[in-house]
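Structure first, commentary second.
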């Protein structure tokens, strides 16, 4: 297992326990989804992996190493995180934003090639290359954020609600890209509210309920067999066998 | 006559813009309202005093070196341990650093105000289109122009500049991408040091004296300009400083003499009003959380 | 928790602190003149810092401007207590509407009261600003207030004598005045801290968004504590004026502000006991440092001027790094911690 999370408790401030004993694991090369309603704690889980949310108890292990250890470097371990608000720098141009994704890399020769590859994947970025990132629409900013994350050549990609608030056509584009990445061998942990599409593309999915409790997990068939999950989701994933079976 | 006033206004505006950027730079990246910035200026000015018998550019060089060294030192010794503290704690700490620097200077090399006779070439003047312009004013404009231009170039064209701008906008995300936080911060302090040195050089030439307490007034000017112009937006801050300087110059030329002394009271009332209405500054586009 | 425990909890701290004031007063009365001076100074500092903590401690907003209120209290006392015949020569150029300043006179207790109220008037004027700001913006606004007050006091020389010293004040501040007002301010500050407004304000300190979301009118409470806190600070100004009998516009500016900040940070700005202890402790420390600078411990050789300030600044930095919540943290002074079996504690 590349990423293992065990009985994670995260507490904000003195009173709010945002995650209460969440456990999940992601194998190398897998595309795993974490779905659930607003406020369930999904974002908090991602944040605790990259060290933004305070871990109260429990463990997060990546490639055998404890993530909470002070020496653990998210960058050196090639974990790329695309936050919910995308983290695009509006005072920078699209090109500057993109290049920042590679700021930690030493192999300068390959960076340009990687940038070309991302521009091919997201053509809109090339159009806006030297213009302010604030001019991009929400969907375009999302593409920029993902492209920037990919410039790290990540082993593990953490996506926090990438299709939130986006037009259906862009949602399609994003999920297409996610499937592409999965085929390219990138390990992905996808946090989403869009349960249907997520279960469709993932190897496995976890369903989370507030406050951070895992209701059930597995592929579409296994989830369909889980009554509590079907109840919570409001539908049965039986039809979603997709091509991840 | 009017042209003369305008020339003076622009000169003052450029000087103030320089002060304002020095303050806004550190605020933007670190959330640090650096009270000690005035003392860095003072140390730059002190270098001019120390080398007053040498050619001017020796003093200038020394000013830059002294100011940058002290600025970076304050970061390492006082502000780094407080890296994650809230902005008010940082402000109080900078208050302490300011006092410490003043005290050290007062204890050692600047127990009293020292005169710095102006370099002769600075007091010469030339007449252009009927307006008298001193070399000092020209030097001020050139210095400010070069520094502001140089900073703009640094920010736009160099990798460090991109990292600085990104850090100023969102330090956390920048770090999560791999930007080296410590290096960025140290660079910001160093750049602020250069700006402060320039301000010190100009101030010494204008005032003809250095003292341990001379940093207070330029500091307050920088704060006003930054608050009004835009705390974290460098362009807004520069513009704010420029407008403040020009406005001050205008007030000085037009206000009846007995009101001039209250100029600061007007300015700071404006600061309070701006803080309430538009806390991110009049010329800034970004939003800032006020509570 | 039993009722008696609850009552004990409520009154323990203020009683202890007031008793402390009494103790300090006794030291002042039975000590030599130097000790009297230092202790009265310390008591005046307590008045200021307790007043400041009423605002800063409860709201979490540090104010750099309260020394401005203190100045108002001091100047008010000057106008009210300087003998009238002296005033006519000191203030020969008063503008028309302010002519009354040269003729009014009042006994010291009235001066103290009016000083506090005058400070409150300024606080009221600036209140709408403080209602809306928090964090750094508020800090900067309070700094702006300090500069405004200083500029007016420094420049309006016809009325304030600017940087020339105010003289002729009678020495009205006795030990008992200082200690008495200190005790009073402690009670008021404690009462506010435990009041509904104070508690709601403290909630906003912990989590502004959560507090507003639960309907707490943070702005209103900030305003109330801001104005309320200016009154004791005005008292401190009056006491200062009546003790030192001289001051000028430069007195109430950054240097004094820094001293008080060291006191409240060292003691703990979230705790009233911290504020009091900080005020007492740093007052003594400052006196020691002054002696040290004058050569008391180095065989009569005075040290370069500024070393006292340097040490104070170093102390402040140390506290900020190692213990930002000061000596008392968020706790208050208690007699002892009792744990009895069977009662929740």
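Order of writing sets the chain letters: A, B and C. Residues in each chain are counted from 1.
The criterion applied here is as follows: contacts are C-beta pairs under 8 Å (C-beta built on N, C-alpha and C of every residue); 3 or more make two chains touch, one makes a residue touch a chain.
Everything quoted here is computed from the prediction, not taken from an experiment.
Trainee: Looking only at C-beta pairs that count as contacts, which pair of chains has more of them, B-C or A-B?
Mentor: B-C
Trainee: Average the C-alpha coordinates of each chain, average all protein C-alpha coordinates together, and give the chain whose average is closest to the overall one.
Mentor: That would be B.
Trainee: Among all other chains, pick the one whose mean CA position is farthest from the mean CA position of chain A.
Mentor: Computed centres place C farthest from chain A.
Trainee: As a quick test, compute the distance in whole Å between the mean CA positions of chain A and chain C.
Mentor: 52
Trainee: So, what's the distance in Å between the C-alpha centres of chain C and chain B?
Mentor: Measuring from centre to centre gives 32 Å for this pair.
Trainee: With chain centres defined as C-alpha means, what is the inter-centre distance between chain A and chain B in Å?
Mentor: Roughly 43 Å separates the two chain centres.
Trainee: Quick one: which bits of chain B touch chain A in the complex? Just the residue numbers, please.
Mentor: Residues in contact with chain A: 159, 162-163, 165-166, 168-170, 172-174, 176-179, 233, 286.
Trainee: Which residues, counting only chain A, touch chain B once they are in their complex?
Mentor: Interface residues on chain A, with respect to chain B: 50, 52, 74-75, 81, 83, 87, 89-92, 96, 99-101, 103-105, 148, 152.
Trainee: Taking the complex as given, what residues does chain C use to touch chain B?
Mentor: On the chain C side, the touching residues are 61-62, 126, 128-129, 132-137, 139-141, 143-145, 147-148, 151-152, 154-156, 208, 218, 254, 258, 261, 265, 303-307, 309-310, 312-314, 316-317, 320-321, 324.
Trainee: Touching chain C in the complex: which residues of chain B?
Mentor: So the residues of chain B touching chain C come out as 31, 33, 78, 81-82, 85-89, 91-93, 95-97, 99-100, 102-108, 111, 212, 216, 220, 223, 227, 261-262, 264-265, 268-269, 271-273, 275-276, 279, 288-291.
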